[in-house]
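Heads up, the next two complexes both have chain A, just with different partners, chain B and then chain C.
Coming up: the complex of A and B.
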């Protein structure tokens, strides 16, 4: 019999949540094993891309000195409301975005996550890659006491397991923390291309003064065929991240091919010139858990804590996720440290993690936007109706055809009610308000 | 939550979708293929045969699912990027879905 592999804590999945937890645990002096199924941390990770430094600084106060591989700071951001032939842009640029380190950076996850994992290793965590966790190990009372991996003699034991396995939360489900798998209306499928372009080209095309400026744009309307979803365009150092995401249910119902929706978006007359001459260096896809506050799994059980995408910690409205994951991972790590101090790994003690999260933006925001996905799903016409309307209204407003302005204004109001009845508009706005206010 | 079927897309909008050769996109993705273990499979081909819409043929972002001449669903798991869409999106939950063995599958160069 080989000796049992015992650790103080096991973290499943080296993404933003898991690495944050591992950093807190290692710094707290615990023997922690961080298990990753990819060939390296970041191999399986894929996002649009914006990272927020506030959450990173809470985990790693000296992160800036450790030279994180960011792409560009976000110095201009906003929304594009896209009709089939035009766009209304609502962009914000400010000197406040020019500070260093900035509040937000575009990033590519393969590089960022492997850097982040190396910081955990430098603080004493043991990173084990190429290892898939296939199940939990429980004691006779059903408490989780370790994990089973796909390695020979791959059972590893610890009094606490932090599950940060990502959106495909098979382990969370196996542990009985989530009663049912998710329906496709509560989860988004996003596809992205990373398109290589010389820095100079990017800076000229997007009116950036140099490598210390960058753009983050969320795009609504025609980019998603008017269906519930968003598209995005972010500038990287030597490339552009461009993608489109819709509720998976939309792809299923309309039999849409994600790469065709993306190709159509790239071909839009407003988008195409930005990408001209670029080369697609990578294509990929990822699910985004948008099931929200009311359908989260149990975050704690005997010997277990859950953090990040595995627990649905995404605020889709503000394209935030990695910062929720880092904050949750950090708090999970702190709870695990406290559990070691008290030598109490019961669900009762570990529920302190959820209480801590309730007092942060993580669960406050998720609670506030708990109806957002239902709003999108139940008003599938919303994007096309109002985004197209905004474009037509803008066209009237900015055109001079010798029409008295009073008539022009009347026309703009009439145009809205040709698209949607007065009560329809009222109902949509009420639903939007409810979705925003919680 | 609404359970009603969505209004179909207009044929004008559908006509604006370009044809894309997905293999060109797949060429940009780095994989370590596990030749000995298919981490995806069809649980019951009979279920696929009576599935009219076959949404998996459309929504899979890397076109893992294709139909052969007999109408059977073929699973090209080698192209899978492990997103999980088919696990959640198959209306009959007829797709067996597991993670590839450690170190195998997609390895994003950029992410």
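Coming up: the complex of A and C.
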């Protein structure tokens, strides 16, 4: 019988949440094991998107000197409201975005996560890859005292386990922290392609002045067939990340194949020229948890904390998730450090983590948008109605047909009420307001 | 028991594309793996170690990145990993590579006795199957290529019985030790490594040997200087066409056989 493997803390999953927790724990002098099921940290990830540096700086104040593998700073961003034949663009560009380090960068997670994990390793965390945690080990009182992995002699013991296993949160469910069998309306599926293009070509097409400029766009309307969901387009160094995300339920209900939705979006007359001549280098899909504030798992139990996607910490409306995960991971790490100081790993003590989170943007934002899903459920027409209306109104507004402006303006207003009754519009706006205000 | 396994880190060719203009592999962005046959050689060595005690040393010549492959061997249960890495080794063909590996093995044999040298039967990127036999020749050791199983192994009596695959069937060979085996995949199925080995590997840093330290290699025999091979042309072979089938049910036995024989005659693949 080999010696019992004892650590001060175990972190399950080397994503933004888990790595942040491991960094805090290792820096605090604890012996921490970070377990990842992929071949390397980031291997199981398919995110090409925007990383916000505020959360990274809180975890690693000297992150900039450690040369993170970002793609491009986000120097222009906004929304495209897409109709079947056009688009209304609401974009923002500012000198403020030019500072270095910038507030946000596009990044590819396979590269970023492995860099981030290396920082944890350099600070003393032990990273174990290709190893899956299959269950918790409990003592006679039911407290979690370690984890069981899928390897021979694979039991590991620690007084505290931080579960940051990602959206497919089987361990969280096994630990009884969340009801199993998530309904498909609480999970979104995002399909994405990474399309290779020479950097010069990207800069010409998106009007960027060099490698120190980049674009992040969220796209609504026809991109997702008018269904509640979003599409996105981000510029990377030598490629474009482009994808669409919809609730799983929408795919099922409308019998949509994810790759067909993406192919349709890529062939939209507005999008197609941007991708011309590019080569699809990667294609993949990932689930996104949209549990909502009221359906999150318990974040703490005896010997356990949960952080990141596993706990549903995603703000889909603002395409935020990694920053919530990093912040939650950091706070989980800090709570675990405090627990070690007090030598108290009870649920009662660990609940401090949830209280800390409630005072940050993580749970404040999730709480504020707790009714967003209900809003989308009750107004499924919202995207198509108003996005198409915006396009048609823009067409009227910007065309000159020898029509007096007053008549044109009346036309635009009339067009709206042909689509929705006055009370319908009023109700939609009220619901939107409630959805946004929580 | 001391086994030395020579491995190569290769691009995952199940994942590789060919540049149609130059005919060369596009290695960019392709994950690097341990040459699959070599991984089975490591597994055999580890199993023998578990049975007889002793140690497993893994060596590889390659760029600094190849160190990852040695760490993976440590996960599998190897005790020591040596990366032979120097810009002077680059562009080596099988002659230069076998020279470097043979000299390295000699140096290791001078440190402590070796019972077994293991190589994969070939690397999936070059497919030459020359390096293992080349090393055996340089070291004057018995060679058993295409080994599929080890029937017996006795490090005390210094003998072993090994089965090897040939075109005509399985040969059963007895050999003295040390011997050099190049192995097929069925030599040992790869088992999932125990967690304590994975933990040890995660903290293990393989040694790095250069062209001059600790072994001073003959600079005329390494890298491009030591590589007389010239690649005339590389191209993607056209896909094989499906063979013609002749159905007995349509015509009866005798006419079908006659037709088949006629086709074979036309194709001129068999001498009558």
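Please note the rule applied: the second predicted complex is superposed on the first by the 436 of 438 C-alpha atoms of A that agree within 3 Å, B and C clash if a C-alpha of one lies under 4 Å from a C-alpha of the other, contacts with A are read in each partner's own complex, and residues count from 1 in each chain.
Assume contacts are C-beta pairs under 8 Å (C-beta built on N, C-alpha and C of every residue); 3 or more make two chains touch, one makes a residue touch a chain.
Since this is a predicted model, take the numbers as computed values, not measurements.
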Contact breadth on chain A, by residue count: chain C or chain B: B
First, second, both or neither for A:267, with chain B first and chain C second: first
Which of chain B and chain C A:5 touches, first, second, both or neither: second
Touching partner for A:152 - first (chain B), second (chain C), both, neither: second
First (chain B), second (chain C), both or neither touched by A:187: first
Which of chain B and chain C A:348 touches, first, second, both or neither: neither
Partner chain(s) touched by A:281 [first = chain B, second = chain C, both, neither]: both
Contacts of A:131 with chain B and chain C, given as first, second, both or neither: both
Common interface positions of chain A, toward chain B and toward chain C: 39, 130-131, 149-151, 281
Residues of chain B touching chain A in the complex: 1-2, 5-9, 13, 16-20, 22, 25-26, 28-29, 32, 53, 55, 57-59, 61-63, 81-85, 87-89, 91, 97-103, 105-111
Complex interface listing, chain A residues touching chain B: 37-40, 42-47, 84, 108-113, 129-132, 134, 149-151, 167-168, 170, 181-185, 187, 189, 191, 193-194, 225-227, 239, 248-261, 263-264, 267, 280-287, 374, 377-378, 380-381
Chain A residues touching chain C - in the complex, by the definition given at the top: 2-3, 5, 33, 39, 126-128, 130-131, 149-156, 281
Chain C to chain A touching residues, read off their complex: 29, 31, 192-196, 198-199, 202-203
